[in-house]
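In the two assemblies presented below, chain A is common to both, partnered first by chain B and then by chain C.
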Partner chain A sequence: MSDARGMALACREVDFSYEEARAPIPALRGLTFEVGSGQSLALLGASGSGKSTLLQVIKGLDPPEAGDVLLDGSPAGAAGYAELRRQVGLVFQTPELQLFAASAREDVAFGPRRLGWPEADVAAAVDEALELVGLPPDRFGGRHPYALSGGEQRRLALAGVLAMRPRLLLLDEPFVSLDPATRRELAKILSRLRADGVTLVLATHDVDLAWALCDQLLVLDAGRAAAAGPWDFGESGRELLAASRLREPFLVELWRRLGRDPSAAPRTAAAAAVALR
Partner chain B sequence: MRPAIAQYYPGESVIHRLDARAKFVAVTALTIALFVRDSFAGLAVFAAAGVVAYVLSGVPAAWFWRAFRPLLWLVGLTFLAQVLFAPGEPFFSFWIFHFSWAGLEFAAFLSLRLLVLVLIGSVLTLTTPPLALTDGLAWLGRPLRRLHVPTDELALMVTIALRFIPTLLVELDQIMRAQRARGADFGSGGPLKRARALVPVLTPLFVLSFRRADELALAMEARCYRPGVVRTRLHPLEAGAADAVLLVLTVAVIVAGLLV
Partner chain C sequence: MTSPSAGPSDPGAASVDAPQAPEPRAPLLDVRGLSYRYPGAQVEALAGLDLAVSSGEFVAVVGANGSGKSTLARLLGGLERPAGATLALACGHDLLTEDGRMAARRDVGVLFQNPENQLVAECVEDDVAFGLENLAWAPEAIGARVDEMLERFWLTELRRREPHLLSGGQKQRTALAGVLAVPRRVLVLDEPTAMLDPAGRSEVLEAVRGLRAGGLAVVYVTQEMDEVVGADRVVALEAGAVVYAGSVGGLFGDGDLLRRLGLGLPVAGELALELAAAGRFLSPLPLTLEELLAVLGEQT
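Entry: the complex of A and B
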């Protein structure tokens, strides 16, 4: 993964709706935004605002009804788009519920094998991914997925996607129902991926982790982009966060209360400690 | 979500508001009459009753059609089997197959009978929530309790099973999507390959189902569920004048169908 360069993502006027008994329910409406190569985007918004739908549309599990999902600038249907789409990794909400194989190693190997890699490459990718998520293959490779703890299962499921060496990683609420220690470990893994240049899209309700990990944000409100671009902690930016049932990150609020520039707030407690010492 | 075979369509029509027990009794009686009567004229009467009931139900044709379409295979197969193997004076023979006018007529009759049956049955399931249907069946099965048949428990089992079908479908969909995101391919290859492709889907689905069953049992016990106790209902079934009208009309249709 160290050689992975991030993929650029752009959505142009994307519409999507779910077919229901009476009328289609619109889930995404005229959505336009972009994330540059190696950048990270926090996808915020109340439950039901379309975050999961957007991630699945980007991955190509559902084609958009209108508009384009551009991967490295190519629209769907362009030559090489299928290959680009394979380089998009999607980690579902509570992905540990999708573990199935008899050993951790086998489960992680599922994706790379589907890509048709030679077995030696698969083994290397599996070891690398297990190592990266903090489940050393020599200790965890042979364990049964259901014999692992909840946090270990979550990381194993992440490894199953990372082993496919995605250049764009989409994560749907990766921190849900994790204990604080596991959250911290997962955040570390994600910031390492970010440092390696993988483009990240992180759907979450946790504004503190979003602030720690992401350069930009996209706030969804009933399938529309209520805000897109860099973080904004001016009057209107704060109102917007409140309207979407969010709050500003703790460190930003702290900086504001200290009378400092909130947009220059540190991203981590460690950085805050350095700045305040 | 696409409707499964004759899946309930929420509505407020006359047919929707009828009591589940009355509808079930009417459909059962019509079904029996349908199989007793063996003339096209009788079939026409029952078909007309089914069409009227369907129109009154207000279920959109598109919904009905999508729910109905898979069953046409069954009707088609029935027709084919009858045409090919029915006895009678053949007017055309091919290998072991003999086509006769009598056979054609018989095949057409059986297929139409099946169509009418499906139509009448569909109106019931399209307009009655599965839970109301189960409650109605439990009520109708009450006399069996004297024979120590645990009707309430059976009804509860069916109710729980029905309740979790949509949940399981959503989970199945999620798991399939997740595995597709990891490169799984469910649509290609031979039967063996396809069956193998289902392992990554069925394993988590079973694990989830067993876990849920366990939790549900605990939750029911925590709320003092005991088997074998007479239970009251949150939404008691209520039959009214409309249901009496339905039963009278049903009798009229059956008499008409049997006499024409």
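Entry: the complex of A and C
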């Protein structure tokens, strides 16, 4: 088992269907892609294309019907796979709905405690996670989760996952309904995790944040990979984005319209300003 | 009644919804000192809020999480009882009384964020008809109205489609068609594009922007600064009260206020601010890609 901060993820020919009364509804079909350790992947695609399902299959909440989810190269059933799976963190859409404890500290401690960590380790992990999401434990640790603002609740829920020190972090639409300031803070947190080497898979409709945060993309179309790999803003890449109900990131379109190379477009407004100054 | 002509894809051009003409200049929404407190909450979700919106106006409402935007949407729609107000009129109905709120629910349509929770029927056209059936409209009248709504929101081809087979944008347009099938004078939207992919977002936004041409008063709650740009006016909330009411340019030109309220600029404006920090000043402040390209072009 690797002790690297990041974890490599690969899916090979993964199939998954939802049971329905009449017939199973295929949600993922022959899905193959990989993300290297410490890399970040934007998971894009229309609503209903399978993004949330894929995250749940990777986390192991729903076992695939066929194919393999490889964590650090190991398939399910291999020795140590349960531990690898434990090191995968999944942040659900609107995770704040799952906050339940009487204080922020207790809520974040729930996961590490359930893993049987010694209480001193739990306390250290909770402090670290609260600090990381910008809710310093001395100020926020004792607060009731419902006494926090919506943006603080979202960050608290993220801390609950980060406290278990995931090596692969899966996020399902983490930016939905956040105000711009909270969105910027969350993007900063994710960018810091990425710099620390944590592997990220970010399911989102926000192509601008996906471009800012992710090296690669996986575009899902009805459960199949319409595209997987580096961003492609050539003609076929643009057609694919449009066919998948997406658009080019703002800075990429700006670069193209300025007659510059869109694949060399900056990832952030600050970087764009340096180039245009 | 006819509306000012607009582009062929402009859904507002189809017809005017208002069953009778409002008093000229009398605001359709007029609330002063509006307050609300959730049961058991320490602080007021709305604390003395003032807002007036007239026929044909598109007003964006912005503010940080927890500033009271969604509460305001529910109160304007007559869905909650205000804790108090010196004046609380929606289309002339008094929101402080039960009868007034019941009447307001007829005239004020509310569209929420998650289209999944708003679709009830087996297929698109039945969903659009649902509100009219509840009002016991004659079947022929329902049929004609539903056809008109499907046409207006580009849903005619999807009329028999089951809701779960629709894209997010199609679902939200179906919900919108259902809300507006009942003739309304005010439409309140609470982050209607938050769950949608970029294409769905553009579809819904285009549909909504066209509506004011039909005389509807539109209140549009959003966290997307790009979506504020086309509004006639913008209202910013903080701790349940209005702290800015004015032009879009005025809000985005006030960096201190934006920071204090946890808001931001559209991407084009953000880039312009970064450029200013790097020593290149763009004026006027661009808020869209086109404006940014224009001002960059002038300067080179």
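Convention: the second predicted complex is superposed on the first by the 273 of 277 C-alpha atoms of A that agree within 3 Å, B and C clash if a C-alpha of one lies under 4 Å from a C-alpha of the other, contacts with A are read in each partner's own complex, and residues count from 1 in each chain.
Here is the rule we go by: contacts are C-beta pairs under 8 Å (C-beta built on N, C-alpha and C of every residue); 3 or more make two chains touch, one makes a residue touch a chain.
Treat the numbers as computed from the prediction; the structure is a model and nothing was measured.
By the touch criterion defined above, A:Tyr81 reaches neither chain B nor chain C. In the superposed model, A:Gln56 makes contact with chain B only, not with chain C. In the superposition on chain A, A:Gly111 makes contact with chain B only, while chain C stays out of contact range. Of the two partner chains placed by superposition, only chain C is touched by A:Ala181; chain B is not. Note on chain A: of its two partners chain C and chain B, the one contacting more of its residues is C.
When the shared chain is aligned, chain B comes close enough to touch A:Leu97, but chain C does not. By the touch criterion stated above, chain B contacts chain A in their complex at residues 1-3, 9-10, 63, 171, 174-175, 177-185, 199-201, 203-204, 207-208. By the touch rule above, chain A contacts chain B in their complex via residues 19-21, 56, 59, 61, 86, 89-90, 92, 95, 97-101, 110-111, 114-115, 146, 160-161, 164. Note for the complex: chain A touches chain C at residues 45-48, 147, 149-151, 173, 176-184, 205, 207-208, 245-247, 250-251, 253-254, 257-258, 269-270, 272-274, 276-277.
Remark: chain C residues 42, 63-66, 113, 167-169, 171, 191, 194-201, 223, 225, 259, 262-264, 267-268, 270-271, 273-275, 277-280, 289, 292-293, 296 touch chain A in the complex.
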